[in-house]
Amino acid sequence: MRDIARLLNDHRVGLGWQRAFYEDLHQHPELSGHEQETARKILDKLAEFNCEIISPIGGFGIVAIFRNGEGPTALFRADFDALPVQETTGVDFASTRLRPGTDGTLVPVMHACGHDMHTTSLLGACAVMDANRDSWNGTFLALFQPAEENATGANAMVSDSLVTRVPRPDVCFGQHIMPGRAGQVQTLAGPQFAACDSIRIIIPGRSAHGSMPHASIDPTYTAAMVVVRLQGIVGREVDPNDFAVVSVGTLRAGSTNNIIPHSAELVLNCRFYDSTVQEQVYDSIKRIVIAECQASGIDQEPTFDFFGHGELIDNDTSTYAAVRSNFDSVFGENSVDAQRTTVSEDFANIPRAFGVPYLYWVVGCTPQHQWDRAVASGRVREDVPVNHMGTFLPEFEPTVEASTKAALTAVLTYLGSQNVT
Amino acid sequence: MRDIARLLNDHRVGLGWQRAFYEDLHQHPELSGHEQETARKILDKLAEFNCEIISPIGGFGIVAIFRNGEGPTALFRADFDALPVQETTGVDFASTRLRPGTDGTLVPVMHACGHDMHTTSLLGACAVMDANRDSWNGTFLALFQPAEENATGANAMVSDSLVTRVPRPDVCFGQHIMPGRAGQVQTLAGPQFAACDSIRIIIPGRSAHGSMPHASIDPTYTAAMVVVRLQGIVGREVDPNDFAVVSVGTLRAGSTNNIIPHSAELVLNCRFYDSTVQEQVYDSIKRIVIAECQASGIDQEPTFDFFGHGELIDNDTSTYAAVRSNFDSVFGENSVDAQRTTVSEDFANIPRAFGVPYLYWVVGCTPQHQWDRAVASGRVREDVPVNHMGTFLPEFEPTVEASTKAALTAVLTYLGSQNVT
Amino acid sequence: MRDIARLLNDHRVGLGWQRAFYEDLHQHPELSGHEQETARKILDKLAEFNCEIISPIGGFGIVAIFRNGEGPTALFRADFDALPVQETTGVDFASTRLRPGTDGTLVPVMHACGHDMHTTSLLGACAVMDANRDSWNGTFLALFQPAEENATGANAMVSDSLVTRVPRPDVCFGQHIMPGRAGQVQTLAGPQFAACDSIRIIIPGRSAHGSMPHASIDPTYTAAMVVVRLQGIVGREVDPNDFAVVSVGTLRAGSTNNIIPHSAELVLNCRFYDSTVQEQVYDSIKRIVIAECQASGIDQEPTFDFFGHGELIDNDTSTYAAVRSNFDSVFGENSVDAQRTTVSEDFANIPRAFGVPYLYWVVGCTPQHQWDRAVASGRVREDVPVNHMGTFLPEFEPTVEASTKAALTAVLTYLGSQNVT
Amino acid sequence: MRDIARLLNDHRVGLGWQRAFYEDLHQHPELSGHEQETARKILDKLAEFNCEIISPIGGFGIVAIFRNGEGPTALFRADFDALPVQETTGVDFASTRLRPGTDGTLVPVMHACGHDMHTTSLLGACAVMDANRDSWNGTFLALFQPAEENATGANAMVSDSLVTRVPRPDVCFGQHIMPGRAGQVQTLAGPQFAACDSIRIIIPGRSAHGSMPHASIDPTYTAAMVVVRLQGIVGREVDPNDFAVVSVGTLRAGSTNNIIPHSAELVLNCRFYDSTVQEQVYDSIKRIVIAECQASGIDQEPTFDFFGHGELIDNDTSTYAAVRSNFDSVFGENSVDAQRTTVSEDFANIPRAFGVPYLYWVVGCTPQHQWDRAVASGRVREDVPVNHMGTFLPEFEPTVEASTKAALTAVLTYLGSQNVT
């Protein structure tokens, strides 16, 4: 264990290139499924190392295989897509990109969820692993996943024969930067990220001129009643000791001022830690939407389209115990307990495909003085930007150092020399 | 009077071209403000007549001045823009056009409000007036107005010096095809079409990831509460003996599945026959939107942008009496009493600019067998397509004949020879 | 005609007792169905006259038959029950009564709808008719009806053989005091008061402790959704040119703080001038309540109990013409046109039982200086107390004089000597 | 320890009277604050024992002091009021009582929360303690508390000088029967029952006749919007990882069919395990109610009256450890871990007044075959009656035995001979 700490603390490779690489990714974000440039930059960097490349796999997916003799196999995954969010950080490497969104209109694009940092850190870990082959044995898989934000990338890689195209790992890892003191590594056993699904609902109606409501069956009114009544599920139907989130991501009805439209579109986003609750809530959503359509006197049926499924991330207890012990050694008081978080990820689809245990953790990224001030004033919720906000920006240095070292620590917990002697 | 009936009944011009002209317009509709092709077609037709052209005026607006010696001046207005509606009539001249809508995305376009018929009829009236100069005296103004659907065209023509660029009329006319037995001409004195305004409301919120509703102030939820509560204005606040319509034309919030958006947009469409009720309702709308934002805990203020104003169309009593008498002669039992209708128009801005009286009427356009069957079965509301529906299509022959003759009858009521002897 | 005016203007009887009688009724109001004392006072007064009494009829109902030789028969009806309203007029004859309400709890009682005035005026008319038998011929029926407020009294009298127990009238009359300049008599032909029904709705649920909403199906939440959605009927489903009122009179759910109740009770009150609209709205109410119960996941059916039916009051045109002419003679500029009003009455059940025409009118009762000031300042709605308010109090003198004389004028229009010569 | 188990297992007193006593209480329930008969029965039973009585204290409260030489002092509390619930158990000792409720109307009364069982068990424990004085030393306080259901009884006893009128205990105990296999004793350290408050809210409006909604400001509509929007607090504003309950216990508006009332009354019931969440939710409730009143255009302010406060029951860790160990010995596999429950109690006010640690636990009471069947079929929620339902009835024998023994075990953990040798 001392070996890992020593190795990490005297970096036999310079990671000075990480800042430039990160800022370049940040300034040139790409939406899910369109990560062509980013994939190219990752491949260019990997070309500096002694590794085998599997690419493309599942769209713009990449796996770099670092072989180093006999020993276990460990996989680390980073994601690299961005979001349709307007950046307002004001930094000189801020994104000003506009790209066609899912409906064809131009939308701003931003790395508002830190995937640029995840990728930069995993490439840093690759550099260290590549340059220190005497410190470890076995096989290290660096997996770069596209299209995490729409929850399709992990499955796309699995569908593209991931399991047969790379060596089977013994363990998988992943991490996410989130609000928290920059440089803190937060871990827990059991549920870490929630399960989620998105649901696209089309509410039918009958169109008419805006002046003739009686000739219409107004789908916007029905949709509004549905939005209102959905909150009754969490407030009235779910056991208050259970956890459930039902949010509306999109509500669209009509395209002009004076026509009552013929339908309305709702897109919901739901979160759970428990599949019984999940099923109960989905039943309730359907029951409510169908009944509200009936209340409006609509003969047609509403439609429900489930997508964007995120598996529960449920950390393996013994993997946690092994890695946490090393995190404590390496990070000292910066190794802390995590809280369960309500967000979701498709990471778990990868270890699930291999049938192996995994650990997924969180690295704090909030600028340290900002975090300390917010904690002191009791204004964490108000003052700290969270993922997906236009103001979300990690403090580079402590965050990249912690996330690079955390990746190495976890991998070396299994591949480090002390384990094979 | 008999002169008008006789003139009209033995058409000294063939109007056979009207069908081809109408079908061409119908198949090639253009959205408000983009009527370039349509204006060109109108100008090409007008070039066949002996008239002076004022164009462009107020965008693609056109006035044709037919001078025929001393006498009064009468203006007839037709509009020629189309709507973002998907045509489903199934006729072989149906529109299949897609054009960029107000938000940039492609939308289907259709003459779903009969402006193609209005224009064809007025050109027919021009042809008859041009070919029968011995039957009338004075000046006939044929005004072709763009951009009626967004209620900007009439004012744009007025702003572009309409009043000084054409002779001042003594009276103005306009007509609209609507559901009703094809060929019936419906008139009344007093309010015919309602006053209206559209209101664009931006409801502020605070964006957050869909999994963290507590970090957001959800504007979609606020907007839904507003949509629901707006119906309480008509149901609870307006005297049930008064008339008011508050419809939601557009509700848009969010553009993806897992982000609670930072604002929601509502576009309302309101109708009245009485300005006191109108002011009361606008006060209530503002009060409700502001209070619902407060109920959600939003510090920012919602914004209100009024547009698309439609003046009340309030027919002059003596103009009505004079023209109705001739309608009765010309159309016999097809000249009937109109009902007040809830729709709005910007027509009245034109006579208002000149300070002259006007008459605006309705021509039935529903295929006669369809109308008769619907009346017989008590299913008019269910079975008869109304304006702005994708199935709205006038029965060509009786409709074009009635609307061409009605225009001529009204104009000749003032310019016909019998009036100058 | 001059005879009627002369007769009324030189009152050959003193009506000075009317004030004391009125104030006694006002101070001792009785709820519908419990009008024992009031009936006794009416009978005591009638005992002073030469008339035949039919009583009890339909509960505490009374008909006084004044026979005066050959001639037509005219019926005038006054009602005499009061309301569960807390009086706040501050007059020294204000009611301080508490009586058990429909649910057994004590409620304040008040003549907040002017039935004390109606009764006092009809007794005044009886006095004049009785004392001036040389001025008229025929039969005068003075009908005193209980239980108007719950819309049961008229039908109860009919069911109790009214038609066979009194002579068949040729015409029926009734009147109501309402806001308006005290002493003005307001009449119209056609619909005067709306049709109405009340509907008691029981919304089923499942009870649970307040801390366990997930074990309940919360009927209060369902009822709230219903109350909200009912306003969508008037705002979205009824033609805005039609008239409909859907009000909630009572909503009761639960009786303690920490138990989610097992059901909720709604009592609606609905008004119409048109039976097609009425049926459409009742269908919509049922559809909405049933669907909202389904949206809440309730298996049990809600129940609907219609009661308190009020017939449309639709004045006969020729009766109107005959009486209005005399009203104009007697009242001069105080005989004015009435507006349709949204309230309802069970009066029409009486002429309907006999199959005879009727006229029902309104007498203004607002203190004259209050009315004039409110009109001048445009604050009629804000400043003038309306029926059923705790501040509703007629200005005695002009109101009792106008309503007594109006009753006599109408009756004498048919029975006055000029009609039999 | 073995002593306690032995003592309990060979009961040197017969407790055969418990069934009759329990059925008598069950058949004659009394509402909070009206427990006169019940208090009399308890005093009659206590008169059989050698103890000092402090009564009345805090209304019908009673403390029995059993002194037995030197040693520690332990207090056990049982509550004895009943609820306004209609019993539907069908047993021959079912309650058929009707009593005036808080609003004066007659309501059914039932021991639907098991306080009859609590009282019977504590009296049983008194009997054993009294008859076995050689097995323990010190002072045993049996506290019988009225008015738990309205959360006033414990504070009333404290206010009535409880602390100075009885010896200061070293530890306090209480228990509650709830759904669970009859005879199971469920314990945990830390939060057991939630904190709660009730809030009475008066929503002002303006009354008018039901036919004139425009003359009213309808408080029922406002109240309905509030009920709907309150669910948005839990669903949208509270962190989904936190716990909060906002239920509506009572909603009352109007008392007749055709008058829109002048105000509406809401009674909320709220639950929390965390005071920060509690404050946030109370702020949100006030914000929403005030804003919804503004949305309705009401000038008057709504009022808020907090009552029925329940303290969090937060079991002391070392008391838990000491007693749980003995529960495990006495009850074997029937001593199990408890779940946090959402209900509330005023028990904690008693130990809090003395400043001493406490333990409060749950005893399962569901008939064993019913429980086992429900668990097997996964229908616990559907098939098992919970507290406050009309069907709630403990299985007598296992429940009374477990709750009597549990009380004795806890008390003897501190007073048992083994502790003083």
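Just so it is clear, A, B, C and D label the chains in written order, and each chain counts residues from 1 on its own.
We adopt the following convention: a contact is a pair of C-beta atoms (placed from the backbone, for glycine too) under 8 Å apart; a residue touches a chain by one contact, two chains touch by 3 or more.
Because the structure is a prediction, the values reported are computed rather than measured.
K.L.:
Comparing centres built from CA atoms, which chain ends up most distant from subunit B?
P.N.:
Of all chains, D has its centre farthest from that of subunit B.
K.L.:
Applying the document's contact definition, name the chain pair with more C-beta pairs in contact, A-D or B-D.
P.N.:
B-D
K.L.:
Averaging over Cα atoms per chain, report the distance between subunit A and subunit D in Å.
P.N.:
45
K.L.:
For subunit C versus subunit D, what separation do you get between their C-alpha means, in angstrom?
P.N.:
Each chain reduced to its C-alpha mean, subunit C and subunit D end up 50 Å apart.
K.L.:
As a quick test, compute the distance in whole Å between the mean CA positions of subunit B and subunit D.
P.N.:
68
K.L.:
Multi-chain contacts only, two chains or more: what residues does subunit B have there?
P.N.:
211, 213-214, 218, 221, 225, 228-229, 231-232, 235-236, 240, 245, 271, 342
K.L.:
What does subunit A use to touch subunit D in their complex?
P.N.:
Against subunit D, the touching part of subunit A is residues 228-236, 240-241, 243-246, 271, 339-340, 342.
K.L.:
Can you name the residues of subunit A that touch subunit C in the complex?
P.N.:
Those in contact with subunit C are residues 211, 213-214, 216, 218, 221, 225, 228-229, 232, 235-240, 284, 287-288, 290-292, 294-295, 297.
K.L.:
Quick one: which bits of subunit D touch subunit C in the complex? Just the residue numbers, please.
P.N.:
Residues 83-85, 101-107, 149-150, 194, 196, 198, 200, 207-215, 218, 220-221, 223-228, 231, 245, 247-261, 264, 267-269, 271, 307-308, 341-344, 381, 386-390.
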